[in-house]
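Note that the chains take the letters A, B, C, D and E in the order they are written out, and that residue 1 is the start of every chain.
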């Protein structure tokens, strides 16, 4: 599809020893918190990488660093072999056109003051993307195309976000992401805010898009079941470090690290509590190592 | 305690702002055309004697030099003396500052005492008739100029009923009762308008509480509606009151000029007006600097109070995102 | 937007005053400046709907022209305040937290120069108070209020995901400020404009009262109030007329502000 | 409401209780004896300093002249020169020598004797000390020497005859200061009058107390307090609420109706030395033509102006002469209100299509009201006037008096016999009429008995030449609380003479 | 065991719209009843109605009986006596449910002293005891700290302590663990299960996640757009759901049964009764 066919050998993203700390000037003086602590990660073209972890594990920070929205405190980030962590915003044209993001909360990811048509075509009007060959020129035509692709009526373009349901709004966000024909799609908890029934529709949409546009997908979520369905690789994160990563079936079947095991065990399973079995505890071990339960990052 | 770090930082920036403000004040005032020498020597004084007087008063030296000299004097506690009467500025301004300070603080106090209960009442009963009436009256009270309220109060209570003196002032030290009687009307004139503004903030602070999750928790654990509002609303509202009252107190110091004029209180405001008219620059500079300093100091004190009192603000500092 | 009383009442009052102001451009029943000692201090009558003042000038005509000037002073002052205050607020809201705090610290220095103080100094500098000095003084002193409102609003818009989305497709900061921040903080700024207009009219009245506001011959309501003061004992109506018009206008603007705030506050909208 | 609110309502009760007690003990009712002996006077322009010889503010002599400071001779309420520190004086034939015989009993408040030596020091100080105001120097200009003949006789020699010299020596220029206190006049006035300076600072009242060792008839009052009001309404309210005993000169006559009850108040409607003048800048081309000046005089209905600005209080005048001046003649109707003649004169002078003039007035109540009136009246004869107010005193003095940057202005000239100012082309009007100047010098230096006739002719010349539009002479509107008396109706000098004041309550 | 909570034909409307179209439900003493449904199904409104915390714009009709007392139309003072003592509620968002300006221990003690008037000293002990009972490691420190110094899980445990300290007869939970991390959620659910047994309290547990409900409850009701479409013991509802909507809901919840790569089942495959797209 895209003219410069990405060489399968070169990784899409490469993170080497990436750390990120935040300086807080609260009344308790300068407090330094580490969100990322020496992360090494490689994302191959066509790969569907899931990043799981609990709140405060640093997964959202990691993808913001990958997408160059946030500079790392130390370490290197490469996109298709070229360093982007120290590049000026103008040199990021390639990254900006090839990588697009979808966010969690449909109420916050769409500008309430813009029509759906303007929201979706906004990336096409970006100065970095406008002049690139791989970005569609005819906005009107592309708008119709993507609306159809995300199963929304064509006349939706003229309406405003508050006229749509949560599920429909997330489709609009996805349409915005695929409008400039990116190669990589990053989803940050893209279905967590949706009702269960709507979640299925959106996940199916993701699966179709990845297949039809041969996209590389990075899917961040706290919901292990969703990740298992959508991704082929997974990285488990905790307190800013990647605890374990690899093919999803292997990690889910026989997790090497105890934290991953606990994580998998904690997912509530549909079970039947007979009157007598009231006392059978779920498989959750009593003594959990401290960690995700300490005060908020 | 690490909190001192934050306070120290705020005091430092206060000092910075004061310094900048002092230069702006000095430059602005010395740019005023019209000349104190001409005022002293009177209408038909000849230019030569005016120039001589200007030279004697050192008004011709470069601005920066005079600024440094003035700043030095200010920091070492001698703000110089009045160009007109030669009297030391401290003696001129001291009693006047006391009058304005009493006027501003008493009216703010009366404003708060009036505003908090009324704000609570109108918030709690916002759907009912009396709640609506109160907020209606508050709107009207906010729309009337200070001096008009003062004038009406004076005509009714001082001139017609003769209960209280129409104007003038007796220092607290010499006769506390007369001092109080002279301040009742001016303080009431300011307090009515200030209280109206405060009531709106207190009312909205209490209404905000109604939408908070912790208010719903309080209701869920068994608090009746009004006690729940007071128990959890009062603290939230008091934080709101501190900020707003602080800002209002700061602007009140200058705002009282108008009421001083109506009730002939020898405050800083009326002194500033006469000093400006007579181009008595040293006095003008000193008074304006005092007003500026008061506003900046009060703002900083309000910030510090907010920081100390509200644990949430401390939490806000710990927000991670850049 | 549910039909909210303050908005409707506020809009009606402000509308009324605007009509008066506009009419005064084309027509006033009498020449507002015409002095005729023989008909001074007349009670309201058919020819002089609101009576005449100490100079025998028709009060209704002066109220009309006064409306125009008070609105002019109010609008110009608020424009100055908004044009300078809002960009500072947006800049502070869009930059990092501690940088933002420092910018706001600078804006707060304007707090130290309330309208009254500035007006006195400007009047002295300009030789005399005038509508111009009143406008500038009130405008400059309203900068910090606009900056604060714009700062908090911009900071909350910047935390929204659609800004991150725009950043991730390479849209520059200025474009984000124009296309996303400004349209989204406009409602809050509008509320501030409305209450600031109310405050500006009150400030103009105070300045005229102190004699540092507009010229004696320009009929602003504050000036009329000042001139009417001497008749307060035997012709109290002289003071009532300008006072009522000032109160109506300020009340109108404040109600408009409250109505807009209620209509635009997302929390209240859900309740509706 | 539970107890918590209960506590608040208890708080409410105490506040109301306190307020009631506060009101109850207000003095109201009959004045106590002790308060009656304290005279409180309301005035408008506050003094800027205390030394009348080095600061030109009118408020200083108003309070101190004759009350704290005394002169050899003084001006009584009819404008006549009468003995004070000098029991008698005689003027030589050629008018060049004045011999004063001093009052033997006269002493300064400090106790020091007021002898010829003290008189010599004070008078010579005006001539030699360059800190003394230029106006005072020119008033006693003609004085050549002051010699002490013996302890109680002083001889003053003039370089040339000056019929005004004695008039000025009777006021601020002629104050006899206590030699010991001469260097600290700025903070502690030291004189010989019935009162002694007690206290004053900027923005506060001026308080004088009785001079217990006064050589003459002592005053009945323990103290006199001058309270300064920048706002006329505040002054009126203070009077009606019992804070004041006297309003020295009512600024807003429109509100006088509240003092019309004879049992409570007495109103004195006398004349003052203040001539309110619509001055023309003769350097301006338009004003070089007498027809334009006369047209303006015809175009303004001065009696209507008086009605509007001061509710009718004050006297219409036609020239720079106050009713209390010996050479006063009623020239008010030199130019009646005649807009048609005004338009005709303007057309003849070439301003038929219209004339633009600026009217720059000081920020004083009478001036701004008159400006509004005049702007409207001149508009009807085709003169478009743009008015602006200049902050008084500094900006108005700077723009109008020093830089003459004006076409027309309005100010009240309060100094006595200021008609002589028209003879000085440097003065802000820049009026230069040789015939007038000649008459003034003759009146001043010619035989004393011819002075009045010469001054009358000079006044008539000013009126006919329409040197300015002499609007009216300010009324001296004094309001006294019933029982107060002994305060003169007319203002004949710069002083508010309280030496004869008394009260029936004492 | 008599019925503790009996709701008959409960209708609730806001303005023109009606959120609840007449539902009937019963909770026996000590029983654990779950309610699942999507947003807008009316599950939270039912809970708030039982607690009498609906906004005053709500129109309520029908009957809610708790231990023989009729709650519909009960005065605020009447309801206040019950809340926190007879019936208590745990909400979804722990981060904002505690008063940020008041120490945690004091907020918990309030509930105790409000209903039992225990003297301050005794109340402190009871609070410390309760905080440790809900699994908080260092109860003294927790009770002296401010809410913003605790994690989400810790705050929810403190709220559970507040709900259970007066040994209520009925505890209503509205999505109590939805905002928590999955590991924390597991432990809190287990804690809730134990504490409800210890207090012998009945529970009305509301969630959008069937798996979470199944951890605590024996029976379940399925709500859709203001009506109860199905109810019964969890096992029966899971094995053979009667109503197609329930079947669809269960299918979409069990995405772990689906082969990765194959499209997920959607409710439309089971039930076309849904108007308009989700």
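One rule holds in what follows: a residue touches a chain if its C-beta (ideal position, glycine included) is under 8 Å from a C-beta of that chain, and two chains touch if they have at least 3 such contacts.
As the structure is a computational prediction, the values presented were derived from the model and not from experiment.
Path length between chain B and chain D in the chain contact graph, taken as the least number of steps between touching chains: 1. A count of contacting C-beta pairs for A-E and for B-E identifies A-E as the more extensively joined pair.
Placing every chain at the mean of its C-alpha atoms, the farthest one from chain A is found to be D.
Averaging Cα coordinates per chain places chain D and chain E 88 Å apart. Centre-to-centre spacing of chain C and chain D amounts to 43 Å, using the average Cα coordinate of each chain. Averaging Cα coordinates per chain places chain C and chain E 51 Å apart.
Under the contact definition stated at the top, the residues of chain A that touch 2 or more other chains are 25.
Looking at chain D, one finds that residues 231, 233, 391, 395 touch two or more other chains.
Chain contacts: chain C has residues 124, 127, 229, 232-233 touching two or more partner chains. The part of chain E that touches chain A in the complex is made up of residues 38-39, 149-154, 181-187, 189-190, 197, 208-212, 214-215, 217-218, 234-235, 238, 248-249, 252-256, 258, 260-261, 263-267, 277-278. The touching residues of chain B, when paired with chain C in their complex, are 13, 17, 20-21, 24, 28-29, 31-34, 139-140, 142-148, 151, 155, 159, 211, 247, 250-251, 254-255, 257-258, 261, 272-273, 276, 279, 288, 291-292, 295-296, 299, 319, 321-322.
Within the complex formed with chain D, the residues of chain B that make contact are 33-36, 38-47, 49-50, 82, 84-87, 91-92, 95-96, 117, 151, 154-155, 158-159, 162-168, 177, 180-181, 184, 226-227, 230, 261-264, 266, 270-271, 273-280, 283. Of all the residues in chain A, the ones that touch chain E in their complex are 54-55, 165, 167-168, 195-201, 203-204, 207, 222-226, 228-230, 232, 248, 262-263, 265-275, 278, 281-282, 284, 288, 292-296. Those residues of chain A whose C-beta lies close enough to touch chain C in the complex are 25, 64, 67, 69, 89, 92-93, 96-97, 99-101, 103-105, 108-114, 119, 122-123, 126-129, 173, 176, 180.
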